[in-house]
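Scroll down for the structure; my scribbles are underneath it.
Chains: A, B, C, D, E and F, in written order; residue numbering restarts at 1 for each.
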Amino acid sequence: MKIITFGEIMLRLQPFGFERFVQAREYEATFGGGEANVAVSLANFGKDASFVTGLPDNDIGKACLQELHRYGVSTEFVVQKSGRMGIYYCEKGASQRPSKVIYDRAGSVAAGLQVGDIDWKAVFADAEWFHFTGITPALSDNMAEVTLEACKAAKEMGVRISCDLNYRKKLWSKEKAGKVMGQLVPFVDLLIANEADADDVFGIKAAKSDVTKGEIDLEGYRSVAKQLTERFGCNMVAITLRESVSASRNLWSGLLYDGESMFVSKKYDMQIVDRVGGGDSFGAGLIYGLTEGYTPKDALEFAVAASCLKHSVEGDFNMVTVGEVQALAGGDGSGRVQR
Amino acid sequence: MKIITFGEIMLRLQPFGFERFVQAREYEATFGGGEANVAVSLANFGKDASFVTGLPDNDIGKACLQELHRYGVSTEFVVQKSGRMGIYYCEKGASQRPSKVIYDRAGSVAAGLQVGDIDWKAVFADAEWFHFTGITPALSDNMAEVTLEACKAAKEMGVRISCDLNYRKKLWSKEKAGKVMGQLVPFVDLLIANEADADDVFGIKAAKSDVTKGEIDLEGYRSVAKQLTERFGCNMVAITLRESVSASRNLWSGLLYDGESMFVSKKYDMQIVDRVGGGDSFGAGLIYGLTEGYTPKDALEFAVAASCLKHSVEGDFNMVTVGEVQALAGGDGSGRVQR
Amino acid sequence: MKIITFGEIMLRLQPFGFERFVQAREYEATFGGGEANVAVSLANFGKDASFVTGLPDNDIGKACLQELHRYGVSTEFVVQKSGRMGIYYCEKGASQRPSKVIYDRAGSVAAGLQVGDIDWKAVFADAEWFHFTGITPALSDNMAEVTLEACKAAKEMGVRISCDLNYRKKLWSKEKAGKVMGQLVPFVDLLIANEADADDVFGIKAAKSDVTKGEIDLEGYRSVAKQLTERFGCNMVAITLRESVSASRNLWSGLLYDGESMFVSKKYDMQIVDRVGGGDSFGAGLIYGLTEGYTPKDALEFAVAASCLKHSVEGDFNMVTVGEVQALAGGDGSGRVQR
Amino acid sequence: MKIITFGEIMLRLQPFGFERFVQAREYEATFGGGEANVAVSLANFGKDASFVTGLPDNDIGKACLQELHRYGVSTEFVVQKSGRMGIYYCEKGASQRPSKVIYDRAGSVAAGLQVGDIDWKAVFADAEWFHFTGITPALSDNMAEVTLEACKAAKEMGVRISCDLNYRKKLWSKEKAGKVMGQLVPFVDLLIANEADADDVFGIKAAKSDVTKGEIDLEGYRSVAKQLTERFGCNMVAITLRESVSASRNLWSGLLYDGESMFVSKKYDMQIVDRVGGGDSFGAGLIYGLTEGYTPKDALEFAVAASCLKHSVEGDFNMVTVGEVQALAGGDGSGRVQR
Amino acid sequence: MKIITFGEIMLRLQPFGFERFVQAREYEATFGGGEANVAVSLANFGKDASFVTGLPDNDIGKACLQELHRYGVSTEFVVQKSGRMGIYYCEKGASQRPSKVIYDRAGSVAAGLQVGDIDWKAVFADAEWFHFTGITPALSDNMAEVTLEACKAAKEMGVRISCDLNYRKKLWSKEKAGKVMGQLVPFVDLLIANEADADDVFGIKAAKSDVTKGEIDLEGYRSVAKQLTERFGCNMVAITLRESVSASRNLWSGLLYDGESMFVSKKYDMQIVDRVGGGDSFGAGLIYGLTEGYTPKDALEFAVAASCLKHSVEGDFNMVTVGEVQALAGGDGSGRVQR
Amino acid sequence: MKIITFGEIMLRLQPFGFERFVQAREYEATFGGGEANVAVSLANFGKDASFVTGLPDNDIGKACLQELHRYGVSTEFVVQKSGRMGIYYCEKGASQRPSKVIYDRAGSVAAGLQVGDIDWKAVFADAEWFHFTGITPALSDNMAEVTLEACKAAKEMGVRISCDLNYRKKLWSKEKAGKVMGQLVPFVDLLIANEADADDVFGIKAAKSDVTKGEIDLEGYRSVAKQLTERFGCNMVAITLRESVSASRNLWSGLLYDGESMFVSKKYDMQIVDRVGGGDSFGAGLIYGLTEGYTPKDALEFAVAASCLKHSVEGDFNMVTVGEVQALAGGDGSGRVQR
């Protein structure tokens, strides 16, 4: 059965190596966006993933479609229109210098999708899961409506729903995010957030944890997860825990609350190749585990291992297999050569 | 004294070598746009050039400003605002496969400039020449107004004006172009066009010449030039003549009509490295010659030689010196190594 | 309905630019092979193409599959086994220096396919056309048998068959080629050859034409085509005519004989970007035209224009659209920028 | 008011990535040199910086000027002559393998500057600060004289002077350095040194600290700073403290002695992208802080944070803004993505 | 006197940077293989090294020969035949993602060498040392025989022999390795192994050490070394000790047992640039030390320092000099810039 | 028997593709110089070539030596000293824009060689041919003396001598060239020149030919050759004839006068990849032919074909084999793919 993800995919333009924007004369040109990243990751795990979005009907949009096809993601429900493709410029940080992202996504075909553009009944036929992030409804008022339309259709058709809160302050205010997401999250079975999202969007705080320091207060997170499940009726809440030692090194773990127990994963000490898409790869790992019938604990460990590996892969997409994730989750993080 | 050019500069994204868009995974990232190209070319000739535009106040806009500074173009009258930078994607053609350009310029800071944003009195103080192209007023209704505002101020302050018709069918219809340009061209001293522009914008035809075949009918062009001077009162009309043998090889020449005589330049047989900006480099050469006191014939030969060299240079900008242009105009096109 | 092609696809390793093998320290890594090239070209024309081959079940084989998926080629009948991928090293020539190809394809999974490995009944269900080249049966005795097995199945199921003779002297002797191809060509509806193939494989000569000089004797070719149709009962014979001025410049045309008339195409004067796959793109163009119901003359012109464009595209695959081919076949080879 | 720096700028040729010299077939070509680095860094901070040097009047010298213009550094007092540009080859180290620098700077136009070539009265008009390093007088006897000439003029015109001792054993002996610098340092208000310079040049030792081990003896450094202020009458002495764990990881801090107090900065644990120019970026940070009226402690923290960021930036130049430095100095070294 | 090494050298194809195989569109093309790596390393140390192998007589084989000549390795005894060159694809790991190697070496000219192809008497004339690894006899039954032929000739001519066990599970089973190596090791004076080899090949265990955890049990290794010397009569046994923290960071040390004492080296904490060839560079260091008359302890420290540096160098070959190794062995691992 | 060449080899720094110097941020780094080019070309033809020069004893000099070793050129008589390596910057021209060379070779180790530094008796032992160009004595007065020293020793030892006049106006005046070369040419058996050299150096004119137009007056050249043989007693005079249509296209031929007859070669119409080293490859071809016992006519055709191929090869060195040259000289310039 299919897994549907819905959102915007952008052209990602990144200076080579550690060059800064003002030094760049070439850009690596890849594609990425929260929900597309999840779809590609799931397709790499062998799942039947379909990504729904709007794309321009020009060669840039065509290149994007071909990139999705390369990884086996279905694009049968992608809407192609005249218009532009959203772009994000990404400068890779190192050590004490943070990575920097400049968005140029206003006016994209995806942001312009309207209620009625997508036949959600057709989309969800034969689907078992629907995933979106808080970025999708933040793109425009119409996209907020389309997302709501999708959630309603999915719920009606018995499709499970996951949402990654993913608050983006450049796209909307906390107030607006809280209001819009407050309408969407009640449809959600699995809610995913990072350390700061629940506070930014809903004002639910992880008491005493300071994200710029990277200290983790597990009890605080349990309380956040509990509040989220109680307020919105989600079955599960997952939280990624990133401890930023520097732009080059992060500690990475996650937790999953199923309404009763809170499972805490192993923690990985990561040298970072590319951390964009880290959260998305966690979401994809979790969806994989849950749709494959893993226990919550195993699904969490799979998700954290998958997203740990993502940090060693260039680009938004998590180019790893189930076998590779299982090998890491199963204990071998020694990085010895596989011959 | 300063030469002012006004228009939009864009980020130019081009696949490496002869890759097609759907094959590209990296882009060369340069900057270019008709009037900026003229300014850079003039600065490379040693002139005091200032480029007026709007740019986003982010790192991409900053990189663009720095690129202009590199070549000595003044940006003191550039308006920086929050917003996006226009982009054009450029795929290099070869042999029978044409080059292909995809514009993504809607909603740029430049296109959003309003009457009053630029202090034209200050801009034209100490200026001797003002140049724009038909692209600038085509960007938006407000930009058409700003261009008119600029022309009036320039005329009032005794600044000579040149305009390259440069009709772009993706930006506006022939009807609208005719109407708007019809208000602007009466301010213009030197009108520049390619073989097709006069017809596209004003319905003035160069009888019997077929641009896809590359045959040239000089008498037809004399009649076009005459009609333009008579209808709009321009002092001079210059026309570039491109005979496209293929995407890899063009013949290139030009003519200049000064109300009495029509001068026809030498014709160059060019292997093409990058033909974008060819027309702009012709305009810059002409402005250089005319502001340096060349005879019309010499100015024309300088302009054609300068733009011939441009076709051998990568990027929008014509990276050649006065000495190099003079050497070619003076007769040595043998390409022997300069040690 | 589907178009099936069958053969070997190899990893193509090519030094950058005009570097020679002994200068190379990096290789461009693409994929290519006669029948895969035809499949990709047809998919780029919007046809439903499926490529049948054997590939190793490792990451190199996976990358190849993903590249085919990128262009929409179906790989559902590809057989994956443990083993190696065939390779060809390709050095790009220039001017008087010819391009050079070194094959390292022995022992590939594709060459090791056996009768019975492929379920041809399933392959040809819903298929309208089957294409292979003389390279496929040359790979190994077993592949010659598998090709015969395929031809028989195709014929039985009413699928039209095309074959590009494509004689490769490194793979087999003229004698063996003549014997094996002599068994296969009787199944073929459309036989494609270059100037030398008919002579090399069947000893049928195009009298008086000297391929190293590039002079063309049309009457000679008519006689060759006639002999081929008569000896093997093919409906149609197409011949590509390459006049090599140098490695950088070729004249290119083709002819098609339908048993009665011989149609001769326009001739293109080409600056060469990459000539590998030129013949395959001709075959794909012809199959496109014939399956779309073009007249023989129109199908020929489409095929020659398509393959002319191929020479301006990097890599084995012809990355052009039907619209682009039609524009060239329709007369515009001037290479003017498409904005 | 202007900040003047004086010295040599060289072409920096560096193999790609971690290639060693004997493996290199391409070089990254940038420009750098102690005083130019300070000028660019200050210009990036928004200061009015002017760099004084000698450059060849060819295209390589022109490219260097254009690179300085790109960052807004004034070059109005640069002397252009026929001759060569100094070069340094730079091989990037990693882990236990140190970076390696080969100088090819003898006979450069800069090293050939003579007393009288530069009109220091004009240079220092409207200037508030003059900076040079111990490399400038080491280039040649004439450059030592020109530096003295500059110091006298600056002092006379009330311009504050800073000097980074920067001992280079390939350029002169400790004895000669001690003698020449002994004449220059009395003009200096702010003296900058690394752990070893004071000993190498003046025989003033930081007792008990072993630079190859990276242990730091703060009392020793206080004694060094005190001796330097007492012997030469400098107002302030700043010392950078680099603890080299390996070529890939350094600890970095600094101290500032103002004749009374010694301020010790935070210490940063750095993954190194490019450590060349680290000391220069410290100097620039200090000059920025002191000319902007920061307290000594704040100026020191700004300088150390600025130079910490430099280690994450490719090339000699510190491509960071005041805002970025302040964010780090203010406490956020977590490297979290800035969206 | 000469040092002879014998084995296979392959073309090494590696995606750029941290790209995965399925992301690669270019490969870095270098050459490498255990015994060739030892020969190049020794040549870089100034020794007279000769590498014996089989290579194809095409341009790829020629490029390989030229690469060996570049570093001064003699190839006078290389056998050139028609055929293919072995290849290995190498994907660079990072952090928790291991490096991955895909071999495509079956059917190479080297693997096809037969007894009698090489005139070992001529090879060993004027030689003092012969080195091979466990990979060579694993290539094919005939290569196992040729290796035995070589060992006998070397022993007869008084040439000392070293062997690196280097077990490769893709090439043969443990059983077969044990049997074949059991015939060869009795000829060996210096036996080299990593932590796992003795167990894999001979079932001799380093009790209690878990290589995926990186804990080291020195007493266990002493017992392994003792068993090896006793069973096979080797004079010396050296073991490399790699503690894999991750693919980006390893701890590295070694030990040498001379039948009486066991020497344990310093341990290096390495950031990894390229770990392939690490063991080979250890072997080369040891051979260098022992042929230069170093004490066992000094030879060991030289070997470990040499191989530590290798991990900071791209490619299979250890591009370092004796001076660089001595500087590290002598204590300076601080990675400070060498100007 | 050995062929000795003597002169300077430089680091060649070239912007990528068609970038101009002021656009370059990377350089291709190769090595080249007239006599080294001849040595490499001869080594590629299988001759025993030894190149004599001076090189710095640093890693840049070492990389140069290794590059020569790669191609099998002996460097046993190279003198290594402390100092710098000469550099030339090379910008590739296209169409009407000429290539541009900037020399930075003053003060190189090679230019500093002194009489006595080289043991010419040892050099010429077992040598059959000595080659130098007019660049070598132009480097410095001492190099002029060393060249004379070499000529005397060669003559004394019965070694045949060839000299390519190769006048470089940046190195010396025509007057000085005439004087110095006038002392050297009497030792020369085979004198090589391009169209302009004889006039520049000796005032011997090829009447009526205009090199910037590319018209060739064969009778004029016969008269030049005759005068040269008569004035200096050379056995043979060879002249290369370059007709520059543009920087992208040249016609290329040559002639050889043996004191009696003048042989004129075929003429090649060349698309240019890299024309630097074209003359040197002609010289190498001639030396090859003459030392292999070719007739003058055949040697000339070999030389012209060899140098024609050079124009299709990147870098100074002519990376072609005898077989490839013979194939072209024998008539196949069609550039058809070699499979």
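Criterion: a residue touches a chain if its C-beta (ideal position, glycine included) is under 8 Å from a C-beta of that chain, and two chains touch if they have at least 3 such contacts.
The model shown is predicted, which means the values in this text are computed figures rather than measured ones.
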Exercise for the section: Could you tell me which chain lies farthest from chain F when each chain's centre is the average position of its Cα atoms? Expected result: A
Problem - Reference interface A-B: repeating pair among D-F, E-F or A-D with over half of contacts shared - result: D-F
Practice task
Tell me which of A-E and A-C has more C-beta pairs in contact.
Solution key: A-E
Completion exercise
Whole-angstrom distance, CA centroid of chain B to CA centroid of chain F, is 44
Problem - For chain B paired with chain E, centre-to-centre distance based on mean C-alpha positions, whole Å - result: 62
Completion exercise
Expected list for chain B, residues touching two or more other chains, is 20, 22, 25, 66, 100
Exercise for the section: Examine which chains touch each other and state the graph shape they make (line, ring, star, complete, other). Expected result: other
Completion exercise
Within their complex, chain C touches chain B through residues 268-273, 305, 308-309, 311-315, 319-320, 324, 328, 331-339
Handout entry: Interfacial residue positions of chain A with respect to chain C in the complex
Key = 66-67, 69-72
Completion exercise
The residues of chain F that touch chain D in their complex are 13, 20-22, 24-30, 58-60, 62-63, 66, 84-85, 87, 89, 91, 100, 102, 104, 106-107
Practice task
Name, in rising order, each residue of chain F that touches chain B in their complex.
Solution key: 17-20, 22-23, 93-101, 103, 168-170, 211-214, 244-249, 275-276
